[in-house]
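Note that chain A is present in both complexes that follow, paired respectively with chain B and with chain C.
So, the complex of A and B:
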């Protein structure tokens, strides 16, 4: 213990004997760690933005459909409203929000134009907490209740149809009997979202009006929900499946990762890229580190010889150098981490992509990124650099410990 | 003499010299490979996106882009096509007409975007005809162009529950407001991987379209294409002038796909911090190395100074030592980066698992880095420059040295 204290004091002072070298090394490690953590956080924010955009656009954390609906989103494939026991499960505490929907392909006609879209019948109250619709109305208002007679259109679609608030549009869609059903709706709200595709893809009406128009009684196309904690999803889906099995109900229960494989792949790719960049960055840091430590060792050969002549064991010298590099890398890592956490903290209230936003919405993400401090990930990056830094310094330390006392003391400068 | 001194000094510490050069080489190679990879993927993205449907440029009635209504059509001026054909870099010209309509099979009906195309030139401006998964594309027999053939997206076909040979009915509004009804035979089903297209699009012969939708001889757009987008860009100006002459507008690829350019800029600007950080790290580590080499030779420099060597000559020596490091590192890096990039440009980098992502972004599942002078020299150049600038600090130390105290330094 006493020895350890001595080593620590020795190493610490050694570091500051050449403060310039130490500071430059800190800076280089610091910049590397800073860049890695900030980039990782930005990439995560990017991936999360894509994830949230896709969850928010009707997907939810999971959806329940009739078995063939997903392959063929048609009115033929319907499910019943959730029964008492299913409702009990959906109302349990871990579910943040759930809602039922009718979702069928349809055609919308204005006086001037027509366009294909998905007609979505929603329950305005429960839908509010589940998806983007209620928060995205920019003109007119959201639907009041399950019986509201209005229709909500996306801004881009409204423009294409040359229609506006209070004008009427006609919706055409196939009923369960195969006949085309038709009904007029008054446009009561216009919604605007970042993904322009969404604006032309969906029109929203109240659930009851949709059911009545399509003559589908009380059946629905899907149940969608979000949980408070995404980690509880698998467990919850299993409970739902068990419940269905007990009652012999056949339904297709799919989590977001199955519904949106594209988003899942993007998330996977992001974490892979972060790992790869961390390694590449580290290799670069390692070059500088080995160089610095080797130099530090070489210019001190005389000193090591002297120490050994005075009776210091070679292993102790090795140990001393290792402690030195622990400090050297460690302080760089700590400074870099603090800097990066400050940077991320600074942008956590939202990093507006401004002029580049159109590009980000093309990739399915939002226009504002919210980088978050990911303690685990930042910690792993920091510890990885620290640990690998010490491993890298083994070679110079080993060189130092192998100096032969007499030869090195006599070494002429 | 000074060069010789510097050269020998470099090899007094071979390990340091080699490590420093390797650090430069590694970073340069990375900064050659990554931008080339981005470059290649951007080019592939632009080509794939444009070749899918849009073409390299389009001529439309002004206002059609914001209001793609069936009424915003135009009759093709007699001379326009001939004049377009005479332009350099314009290889293919194809005409289209577009409208939304209800398509109905026996069991189902859906809304779809109906595109009237010239079946002989369409395959050269769009990859949809090449992506036919079942059946064939519209027949190219000119006399037969009036046949009631239709090709549609695989999702649409599945939703309609139709197969090759089945009849489908088309119901829409004609240009004059009349009802447009037609009965067509499915001859082909395409799959592009872009869900909006596979779900919504159907193509029929242009003449049939013009008949059904009461268009007379009018069209909605003239699609232009060429060898590749970069050489084609040179033809944009004359195309614009020509279009304006006939009161039409020409849209280039950035207007056709406004998100694409922004996406590329966004990707560039997100990778920039990484590159900056790498250059900084390698500059710091080289700065360290040069600084050390100066400081550890304080005594030696003191001797040189007292022997009458001028500080500027010592400084020159250190500059040359640094240049030796930089040049050897950069040559190594450029050779390695070039070889690596060319190797992958040849065999491609395959992302089988990420195929879905790539097809959503309009990329093939393999990426080919694209090397040019800019990506080859830009990164290494910046690295060399940054290291050179940072060498000012150690060199300044030399000018501060006084012979006697310097000789006494340990």
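So, the complex of A and C:
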């Protein structure tokens, strides 16, 4: 204990012998840790934004379709409305929201233009809790009920069709019998979203109107739902599959990760990229750290000789240098961590990417990111830098412990 | 009188082949407990090398060195460190205090490595500061002291844990004659009161005249070994 106290005192005071160099080293480690943690939080926020945008668009946590629908999203491949037992399962506590939809390829015609799109028939009430539509109406209004006669168009599509609220458009699509079905709808709402492609891709009408127009009776294209806890998804999907098997119902049940492989790849890539960036930044810091410690060791070779002459064992000198680097890296890590957590906390209410928005929406992320403090991730980064800093200092420490007393002791100051 | 240091056929050779230098050449020497010895000779005569070999700071090319009955030449680095810590006190020409430690902490350094509790250390440090005439200067850092004061602290550090032997290499080389005299008086007093053995490597005739046994070296060999009258 006495020795430990001595080593700590010596290490701490040695740190401040060249305080400028020490402060520069603290700063470089601090800035690196700050950058690593903030960058990791931003990447997480970006990935989460992409994930949420993907889930909110229409995907949900999972979807149920007729087999082959996903390969060919045709009216031919449809399913029945959920039966009593399926509804019971979908109404269970773990499901946050669910809704049924008709989703078929169609063509929209205004008085002047036409455009291909995906016609989506929705139940306005249940859809409200599931996807972006209700919250994205910027002109006109959302659909009132299942029988609403109106149509919701994306802003970009409305512009392309040169139509507006209260004007009529005609939807054409193939019915189950192979004949073209058509119906006129009055534009009752315009929606606006960050991903502009979505605005040209989807038009929304009430479920009943879509079914009637397409002569689908009570059948639908898909069921979509979100759970309260995403971790329960696999279990829930298994229960749904088991229920279908028991009733001999053949349906294609797919989780978000199967429906959105790009989003999944992006999330996987994010964690890998964070790890890679952490290592790269640490390597950059490590050079500075080794340089600082080696300089400190070379400057004090005479002193290490003296310490050995006075009876300090080489292992004690190695230990003392390691304590010194523990302080040196540790303070940088603590300062960097505090700064990074403050930065993330400051931007947690939203970081508007502004000029970068176009690029980020291209990858499906929102314009505004919401970085969150990830204590575990931040802790791992901080401890990694701290630990690797100490490991990096092993070489200078070993050099110091190898000093031969007689060769250094009588060197002039 | 018991023998504290014994050297038998001791050699230290630097370099190889035709560039070989015999820094210590076949030295045989016995030093008794309580001796106050000067080791003199011209530069390159081998006195510092001999001192380093006895203190385990350097390794012999051949021969035997025994200190307090233990073979120094057979010890590994760790055992040598232990021996220096517990049996030898060093005083160097350049004072060699640890710059980041105060006078108290420099004096207590060896005791702290030995694991002596803080209260005992401070008590001993206070006593030795009084002995070396630096009472009240314990909190000063080396940079805040004169050369003579630093050397006194170095002597205090060397003797505070009561080593069997103190090896001093040119301890007065950086001091004026008045301060040198004071330091020699101090070392002599410590030698007398604590029966500590002192071996002082020096060029300084004033130091040589002060010692009881005077060993003179030339070309790595003991030229003369005389006792003062």
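Note that the second predicted complex is superposed on the first by the 405 of 413 C-alpha atoms of A that agree within 3 Å, B and C clash if a C-alpha of one lies under 4 Å from a C-alpha of the other, contacts with A are read in each partner's own complex, and residues count from 1 in each chain.
Throughout what follows, a residue touches a chain if its C-beta (ideal position, glycine included) is under 8 Å from a C-beta of that chain, and two chains touch if they have at least 3 such contacts.
The structure presented is a predicted model; accordingly, all values stated were derived computationally and were not measured.
Peer 1: In the superposed arrangement, which partner chain does A:25 touch: chain B (first), chain C (second), both, or neither?
Peer 2: Only chain B is touched by A:25; chain C is not.
Peer 1: Determine, for the superposed model, which of the two partners chain B and chain C contacts more residues of chain A.
Peer 2: B
Peer 1: Examine A:66 and indicate which partner it touches, taking first as chain B and second as chain C; both and neither are also allowed.
Peer 2: A:66 sits against neither chain B nor chain C.
Peer 1: Considering only touches as defined above, state whether A:308 meets chain B (first), chain C (second), both or neither.
Peer 2: second
Peer 1: Tell me which partner A:3 touches in the superposition: chain B (first), chain C (second), both or neither.
Peer 2: After superposing on A, A:3 lies in contact with chain C but is clear of chain B.
Peer 1: With both complexes superposed on chain A, which partner does A:207 reach: first (chain B), second (chain C), both or neither?
Peer 2: neither
Peer 1: Scan A:280 for contacts with chain B and chain C and give back first, second, both or neither.
Peer 2: A:280 sits against chain B, while chain C stays out of touch.
Peer 1: Just which bits of chain A does chain B share with chain C as contact spots?
Peer 2: Comparing the two interfaces on chain A, one with chain B and one with chain C, the shared residues are 413.
Peer 1: Within the complex, which stretch of chain A touches chain C?
Peer 2: Listed in rising order, the residues of chain A that touch chain C are 2-3, 5-6, 9-10, 13-14, 17, 303, 306-316, 405-406, 409-410, 412-413.
Peer 1: Would you tell me which residues of chain A are touching chain B in their complex?
Peer 2: Those in contact with chain B are residues 18, 20-21, 24-25, 27-28, 31-32, 34-36, 38-39, 42-43, 46, 71-74, 105-107, 112-117, 159-160, 162, 172, 174, 178, 180, 197, 261-262, 265-266, 269, 277, 280-281, 283-285, 287-292, 294-295, 298-299, 353, 355-364, 413.
Peer 1: In their shared complex, at which residues does chain B touch chain A?
Peer 2: Residues 13, 15-16, 19-20, 22-23, 26-27, 30, 66-69, 100-102, 107-113, 158-159, 172-173, 196, 200, 258-267, 269-270, 273-274, 276-278, 280-282, 284-289, 291-293, 295-296, 299, 353-354, 356-357, 360-361, 410 of chain B touch chain A in their complex.
Peer 1: If you look only at chain C, which of its residues touch chain A in the complex?
Peer 2: Result: residues 48, 52, 55, 57-58, 77-78, 81-82, 84-86, 90, 92-94, 96, 98-101, 105, 109-110, 112-113, 115-118, 157, 169 of chain C touch chain A.
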